[in-house]
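To start, I am sharing the structure in question, which I have written as structure tokens.
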Amino acid sequence: MPHKIAILGASGYTGAELVRLLATHPTMEIVALSADRKAGQDMGSVFPHLRHLDLPALVKIDEIDFSAVDLVFCALPHATTQSVINSLPRDLKVVDLSADFRLRDPAAYQKWYGQPHVATELQAEAVYGLTEFYRDEIRAARLVACTGCNAATGQFALRPLIAAGLVDLDDIIIDLKTGVSGAGRSPKENLLHAELSEGTHAYGVGGVHRHLGEFDQEFSALAGRKVEVQFTPHLLPANRGILATVYVKGDPAAIHAELTSAYEAEPFVQVLPFGTHPSTRHVRGGNFVHLGVVGDRRPDRAIVIAALDNLTKGSSGQALQNANLMLGEEETTGLMLAPVFP
Amino acid sequence: MPHKIAILGASGYTGAELVRLLATHPTMEIVALSADRKAGQDMGSVFPHLRHLDLPALVKIDEIDFSAVDLVFCALPHATTQSVINSLPRDLKVVDLSADFRLRDPAAYQKWYGQPHVATELQAEAVYGLTEFYRDEIRAARLVACTGCNAATGQFALRPLIAAGLVDLDDIIIDLKTGVSGAGRSPKENLLHAELSEGTHAYGVGGVHRHLGEFDQEFSALAGRKVEVQFTPHLLPANRGILATVYVKGDPAAIHAELTSAYEAEPFVQVLPFGTHPSTRHVRGGNFVHLGVVGDRRPDRAIVIAALDNLTKGSSGQALQNANLMLGEEETTGLMLAPVFP
Amino acid sequence: MPHKIAILGASGYTGAELVRLLATHPTMEIVALSADRKAGQDMGSVFPHLRHLDLPALVKIDEIDFSAVDLVFCALPHATTQSVINSLPRDLKVVDLSADFRLRDPAAYQKWYGQPHVATELQAEAVYGLTEFYRDEIRAARLVACTGCNAATGQFALRPLIAAGLVDLDDIIIDLKTGVSGAGRSPKENLLHAELSEGTHAYGVGGVHRHLGEFDQEFSALAGRKVEVQFTPHLLPANRGILATVYVKGDPAAIHAELTSAYEAEPFVQVLPFGTHPSTRHVRGGNFVHLGVVGDRRPDRAIVIAALDNLTKGSSGQALQNANLMLGEEETTGLMLAPVFP
Amino acid sequence: MPHKIAILGASGYTGAELVRLLATHPTMEIVALSADRKAGQDMGSVFPHLRHLDLPALVKIDEIDFSAVDLVFCALPHATTQSVINSLPRDLKVVDLSADFRLRDPAAYQKWYGQPHVATELQAEAVYGLTEFYRDEIRAARLVACTGCNAATGQFALRPLIAAGLVDLDDIIIDLKTGVSGAGRSPKENLLHAELSEGTHAYGVGGVHRHLGEFDQEFSALAGRKVEVQFTPHLLPANRGILATVYVKGDPAAIHAELTSAYEAEPFVQVLPFGTHPSTRHVRGGNFVHLGVVGDRRPDRAIVIAALDNLTKGSSGQALQNANLMLGEEETTGLMLAPVFP
């Protein structure tokens, strides 16, 4: 008997990516898809690349019978998410792709998202969904809050190094380049093709991007002291892919050795040979992270570069990885699809 | 026991696409990969998107022990292909992705490819590999010649219509737009990013593109008379995808009905509702063909639009579909991957 | 004393393109810029590529003192345009970039634009702005209605051929590929980068695109009988550029000779050597049209291919060319900028 | 009488960009164009976007009569350049776009370019061509060595800050994103559209990129001590444009004030309001630099972001700016073309 799956917010890019991945998953079955403004439409008309699939039509959330659902993927905007999840049955497993339950501290939520959290009880219950580092907690969790795509990329590069005390905690810079699908499907002037193709610009510069809330929470917990990285995201004229170029002070060889050893048994994390580094093009559509380490000409400085697909490992693939654990499946089930290149 | 598979020419895009598809195929195992100039390298260094796979290193063709191989995919340049396949054991199953065995008539080969065929005996034996139309012959074949990607796209739009006598055979125009990966991975000035992005141009204009050899052969056979279409391919600033806009004279409703009925049971061919039409973006990385029919304002004229991914349904996916049949597997095995969008 | 110029609708792409061209025009000075929703902003914040220029701030139309203006470029949406131009002083020269005054017949306007025209008197006065063919009328005109970008591209390929009786009037097909900037700067889901990059699709298929109104009007007038072409536009993943691939029945050599002779003295129209054809990449940002003719393998069939930049020769460059004539300047003044490649 | 100009290496992208700019320059006339492999061809067939111009055909260098030339632009590969310039008449003005004369120290040249310099006498004579900082020397120079495109971008952001002692010299990081045209027009697998579009990767990581030679020379001279920055370039899926994201330790407000004041009178350098920052899309095809400064959440850290077009301000526009000075023209002549957006 397959697990019965519902996806809330199926008309966005992460919702569609979940459907794509579930399409070949052997033990999960999609029984409900919601989309507020597009309720009543077929998934195949909203996302024609999925038209060959036999899928339930899009409905409003309150039309879903959650008693017949084993697990919900919630791919709604932040803020909206809190009240929706708050209204779901309390024994329903939930994998949330929004930002609403990533920050454990209500004050941090208020600081980064500009409004008080309305479901602080659930916030306390939620497990941070970066699978490779919270595997046991996720397996036992009812509510998992998937990591933000940028936050995930930076953490894959840095967590083992901070945990091992290998880098100067006061001088970490994450210069990140991200594809545009991470900005979602809402029509905005600044997301038009004519505005974004053929160039790049930074955004959220100077310590104001919300994913810093996750970096601060996670890195400070790992280090046992306050850690505040610098973080500058840039918009790339590509749909998918994040490349994080991370500047650290520390011994490059030790850094490479630590990453190699930390990820040795990880099916989705590939550490490249020392001195080489990845491209976003080689993770497109796959659930993999590629990591590279290069030493700088200046001693005790290293550049760590991480690449992943924001829609797959950065959100929907990560979410499915978590769902596999929560439902007692092999973590890799349905996720070993090779990236699509070129 | 999985089928033992060799891929000749694995360092090109169609070779890589075969590896991508075979990566999650349950009953095929890659036992040998050849690449002439890159022999000795790892597949993961030639194509880093495949680095998570446990693959044999690239070797030269004559280093392969074909007695331990059940089926060979041959993804070599035309002309080279003839002599390579000619030298393989005669009981080895071969799926050829080149142009060398697509034309049954040696004179036609000479006309379109500018040199005599050197393996005319094999040419006579080869079965044309457009699966949906040569299924039984392919199942029984030893040597299958996969259809060219442009030729496949046009044929999906036109074969049922020509067979049913629904269109004027003297006035068929195929205006085609193709992604650049079809031009291969050889370094050429006219394939540079700076030369191809942000614009389009036609090529092979006026009846000189080699895929016309396939159109002529197949359409004339279907019609029982000589059929010569007009065909203009254009290069699209995208890596994957072919859109064929086909102009025909005939009744649009009858044309839509015929395509709907012809492809009703086909797992990979999707006929869209009358009046709607496809985008290449919705077939990227999938083995699907999307077909649309729109009637023109002028009576008895229709526009049939076909979209597929040149590397998947247009070559490597098609090749695997054929291999499944030749090896007694379900035709769809390993090929139901949903397209990747955006 | 420079001519005093106002641009209405300066926050759209054609408005910005006018400012770009006027920036180096020796005898025109921008004295007013309007933008309804963005009134009060600087042009440099709405279009940072123009921030080095000393420009008037954006205002609402009714804030402009038209008595101090010699010529107005009107780059507003259709329908809005009629009432705006209707309210301007009747002695003010106007170059309109919208569709509102292109069709001379009110019934045709109603048919293609779905509503009655509200300024039929002005409609009668307006001169069709395809400069190369209406030069004398434009020189004497007060109100010029610039040609639509797609309509212009098709006409450059076809007008001399229809006028000379060289092609079969019942079998003309224009398969057109256009960059996305032609769709404007309004935020719409289907214009997002993630929806448009890396692929193509047709739109307005089957004889419903509004530029057919222009083709019908102009070609029928030239032929002295009703001419209805087939026309299928496709959206190209590029910002600028239109390529029209035109299929005609007629003698290729005669067609090439006619185009060569028709455009011999034209500074902006380049006819390529017989058998060669253009790319949109080579007209980007320039006011040029490149035309090529290739004969098909089938006798008496030719493919005529035209390329231009939709924002330059297709709208704002064409508009400036007309304004030059209306103000007594050399037609080419400020317009000989070479295209930008790559 | 216009100045007589020759361009050596006119079949590359910087050569073509020079021709584009000179096309509307009022006092310079192109009298000779060289291209080794393409000698004998028309410029219009090598670069069809220039086909409307009346240009001399491409010849080999030794076919040029330099006695009839006032100034030579040399756009040849490094190493080749030395011997070519060495063989030119010693009274001929030369603007070199290669790397060969940028480094004043022969040992530095050998270190970064891997071979001894063969024209050290000329090397000593050459003036570094970053116009805004070497204006007087350039005006008097016979041989000017234009700055590398990446090196120029970083220097616009940093020179005034280093000169004013406003930033920590030991902790400067330049994370740079560059369009692909900077890599030239030579056919290489890694420059193909299919390899570069839709993603990004770093290259020359860790202190090995040759433009570091320029940074080291210039910044150390300004500071009066050895300065070694960290520098990581990334390839952007766009043809033109460089964005340098520069991380410095210093007071953001003071940094912004210094840049504002340093560039106040510069016609080509635009300093944006504090807290805002540029996009490469807004400098495409123009000779402008856009600079922004944002303060980080961490005290005494700033992010300085610089954008320019690598082919224009980064090479050919800069070269023309220098040529204007060397020939006694206004520095801005022919260079005030507005950027092309979108």
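Here the chain labels run A, B, C and D in written order, and each chain numbers its own residues starting at 1.
Throughout what follows, contacts are C-beta pairs under 8 Å (C-beta built on N, C-alpha and C of every residue); 3 or more make two chains touch, one makes a residue touch a chain.
Note that the structure is predicted; figures quoted are calculated from it, not measured.
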| item | value |
| --- | --- |
| Contact-richer chain pair (by C-beta pairs counted) among C-D and A-D | A-D |
| Distance-maximising chain from subunit B - centres being C-alpha averages | D |
| Between subunit A and subunit D, centroid-to-centroid distance (C-alpha), Å | 39 |
| Length of the line joining the C-alpha centres of subunit B and subunit D, rounded to whole Å | 45 |
| Subunit C-subunit D separation of Cα centroids, rounded to whole Å | 36 |
| Contacts with 2+ other chains: residues of subunit A | 13, 181, 194-195, 197-198, 237-240, 278-279, 281, 284, 342 |
| Residues on subunit A engaged by subunit D in the complex (per definition of touch) | 171, 173, 175, 177, 194-195, 197-202, 205-208, 212, 228, 230, 232, 234, 236-241, 243, 245, 247, 275, 277-281, 284, 294-298, 301, 303, 305, 307, 342 |
| Contact footprint of subunit B on subunit A as seen in their complex | 13, 16, 19-20, 23-24, 47-53, 181, 197-198, 239-240, 267, 270, 272, 278-279, 281-286, 288, 290, 336-342 |
| Residues of subunit C defined as touching subunit A within the complex | 13, 180-181, 185-189, 191-198, 237-239 |
